[in-house]
Amino acid sequence: MHPLNRLQMAWRAAQDIEDGMVVNLGIGMPVACGDYIRPGLEVVIQAENGVIGAGKLADQAHADSDLVDAGSRRITLAPGATIIDSTASFAMIRGGHIDATILGAFEVAANGDLANWDMRIPNKGPLVGGAMDLAACARQVWIIMEFNTRKGAPRLREACLLPLTAPGCVRRIFTDLAVVHVTAQGFLVTELLPGLSPEDLQARADAKLHFAPDCRPLTTPALALPE
Amino acid sequence: MHPLNRLQMAWRAAQDIEDGMVVNLGIGMPVACGDYIRPGLEVVIQAENGVIGAGKLADQAHADSDLVDAGSRRITLAPGATIIDSTASFAMIRGGHIDATILGAFEVAANGDLANWDMRIPNKGPLVGGAMDLAACARQVWIIMEFNTRKGAPRLREACLLPLTAPGCVRRIFTDLAVVHVTAQGFLVTELLPGLSPEDLQARADAKLHFAPDCRPLTTPALALPE
Amino acid sequence: MPIDKRVASAAEALEGVSDGAVVLCSGFGGAGFANVLIAALCERGTRNLTLVSNSATHRFSFTHQLIEAGLVRRVICSAARGHAAGLSPLEELWKDGKIELTVLPQGSFAESLRAGGAGIPAYYTPAGVGTQLAEGKEIRRFGTRDYLLEEAIIGDLALIRADVADRWGNLSFRHAQANFGPAMATAARLAIAEVRITQDHPIPPTEVQLSGVFVNRVLAVGG
Amino acid sequence: MPIDKRVASAAEALEGVSDGAVVLCSGFGGAGFANVLIAALCERGTRNLTLVSNSATHRFSFTHQLIEAGLVRRVICSAARGHAAGLSPLEELWKDGKIELTVLPQGSFAESLRAGGAGIPAYYTPAGVGTQLAEGKEIRRFGTRDYLLEEAIIGDLALIRADVADRWGNLSFRHAQANFGPAMATAARLAIAEVRITQDHPIPPTEVQLSGVFVNRVLAVGG
């Protein structure tokens, strides 16, 4: 069994991005999706700080501290881009103009509840950022996260233990072991890592997993993490 | 007795505009104030359709149907101007960023109530435009209107008979017979047309008029109305 | 596939528009009326429309054609008065109870559209408090002042006018042409812009005044 | 007199700012921090401040200096977490009850500032419904969905960063430098912009990104 690494998870999520979509990518794994959009597609990447049409990372020579994305990464603009202020950017987000947002998460519940903003570390200040607006208002919310925590605890749960970001918002979950859709019936596994049985996966979850009749093997290209 | 004509009323109102003010001028008599701002002053004229820094009327050669003010007049831009959309323009108005708006009116009450949007002509559609936003939200509301209607009815009243635009908003009234401030005590006449006695003026009003101890003669230059 | 929002004709631009649509039409004082699209909507004969237009019978706007053709059942505006001394067709229809009329202060008209596009269902404003336009609306005090609750306006269709569009649907406007256009585009399920010219190459990022994210179709009409 | 909002020094820019001021500081991800003005405010020693800043302890922003100097009694932000593993000075002060902390979803943070500048005392938003951040706030249903009532934020002072200012106070921004700056300028009684350069001649009308109507003082700081 070879669980997907972080780049492979981003690659897999990126395969679901469709032509012409307006997509917001969260800090961390999600931003890497931008590198794996299927060839021939044109997609608009929205960054919450107002960059509408974020391009690749800037090379050293062109890096500009005024041209950054939501993760403070120095970027370039894609053709057709423009930049708006934060109020306008969140008006775009809140108004439902984002086709899909891809976010990281700590936990997702079987009803689509999302917990991704507060790990309840004692005395650490809250850090909500744009997550609640994105989770509550994007047309689709997709999550990239490991299936289990480092300590092995389930992240797919009957109910979230951590504070919610938004209730009932998640539609798809891209993990290192499986791709899971959130349906009216709960979690539906549509792709499973080769070498892992449905029973193995179920044992790692805190909620009932349904398996799609056409559940496929979860495969990705080899993608090496940077040193 | 020579009541002020419409241009003279606009001239008189314009003399109260102070250096650096942001001023919104209503359709009709008020827009003429733009021509009579005291020499040496720089003022920003805001038009509700988003022109921030309206200049003089355009001459024939430069008239452009896309560059108009709130009265659809083809205008020019003053130095330092910019143009914003209607939402931003009314955010500016509603947010209290207009130092003074000068509007026409049908009636003003002694408590500052303004009626300037609906004459109750049978079956004529309502025409409120931007008047309610301006009246409710500009830092000062100044009115230019004749002291009496064409039929001789008082326009300064204990209470407005016509539907209100906004309650308690008017601060100054520039008429053909007098300049009147609205104070906590009611109407205070600060300038009176030469040849007219306080009693004459009082007889033309429907509310108690107070006269300022330093009430001055209302004088203006000769300004001929266009043919 | 490259994003390309350009369409070849007004008929193609209006494809899919149904009877009963809420139509947002931009324009103020002669600037920003999408008259080619409005004329095409009129010709299409789509009925039972709700027309959302600041000045519903402005003499430079073809919205009055929609009204005269009997295609409009409801009007939301800030000005419903004709320019002539007699009654305009809108006023005649309103008098006869054949058209429903909602009048808002112009700032609330603009803000309700902006709210519709920005995911805000309702907001409070001081404009209209203490007037007839507050009738039936919630009044609430914040601090020392009373405010009126106004709800968002959402459209099925926005017809707006701009100067240049690129294939991404990004728009730039001439002078005061923008007025209600940007807010209307954000507030509509289908936003269509008629423009002087369209272009294959992008409008420079700093010259874009409305992001193509909000614009579904663009039609070059010259002029 | 010609309008001229240019000032000669940061000290002059901050003239009249009092203890207890609500200070709005722009900036996101390294772009748009008015660090010259923030450093001057710190040096001035103005106390008892309410700091309104999206990321209150961003490593590129000098707002953390205000906090470390003990000048801040309350913080309104969307992110209050330090970048290091240990506790930041803000977190230490918060833990000890010496600083009051209000956290908003970033979209509500931005919208409340915009509302403050736009004369809107409160508005409804879906963000935060069903979460801890909704505690104590009014929930109201519009249509089929629940929304949260959020109130406007108004500041005594806004410190923002732009690229160019003209004597009218009109501003243009570089790239993503605008972020919260325009909304903050509109929401503050005294709005001050630090800019790369100021100029006597006007910024061309189509290049102005924030009207000088909203800006009281501008300071050239280069860089």
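Per-chain residue numbering starts at 1, and chain names A, B, C and D are given in the order in which the chains are listed.
Here, contacts are C-beta pairs under 8 Å (C-beta built on N, C-alpha and C of every residue); 3 or more make two chains touch, one makes a residue touch a chain.
Computed from a predicted model, the values in this text were never measured in an experiment.
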Contact-richer chain pair (by C-beta pairs counted) among B-D and B-C: B-C
Interchain centroid distance [CA atoms averaged], subunit B/subunit D, Å: 36
Centre distance in Å when subunit A and subunit D are each reduced to the mean of their C-alpha atoms: 29
Averaged-CA centre spacing for the pair subunit B and subunit A, given as whole angstrom: 56
Residues of subunit A engaged with two or more neighbouring chains: 83-84, 91, 93-94, 137
Junction residues of subunit D, two or more chains touched: 111, 114, 118-120, 125-126, 206
Listing of all chain pairs that touch each other, if any do: A-C, A-D, B-C, B-D, C-D
Subunit A-touching residues of subunit C, taken from the complex the two chains share: 1-3, 114, 116-120, 166-168, 170, 186, 202-203, 205-206, 208, 211-214
Contacting residues of subunit B [partner subunit C, same complex]: 47-51, 64-72, 83-87, 89-91, 93-94, 118, 123-133, 136-137, 163-167
Subunit D-touching residues of subunit B, taken from the complex the two chains share: 19-20, 22, 40-42, 44, 46, 52-53, 77, 79-84, 91-97, 137
Complex interface listing, subunit D residues touching subunit C: 111, 115, 118-126, 142-143, 145, 147, 151, 206-207
Residue ranges of subunit C in contact with subunit B within the complex: 28-32, 54, 56-57, 60, 78-82, 87-88, 90-91, 94-95, 101, 103-108, 110-111, 113-114, 125-133, 174-183
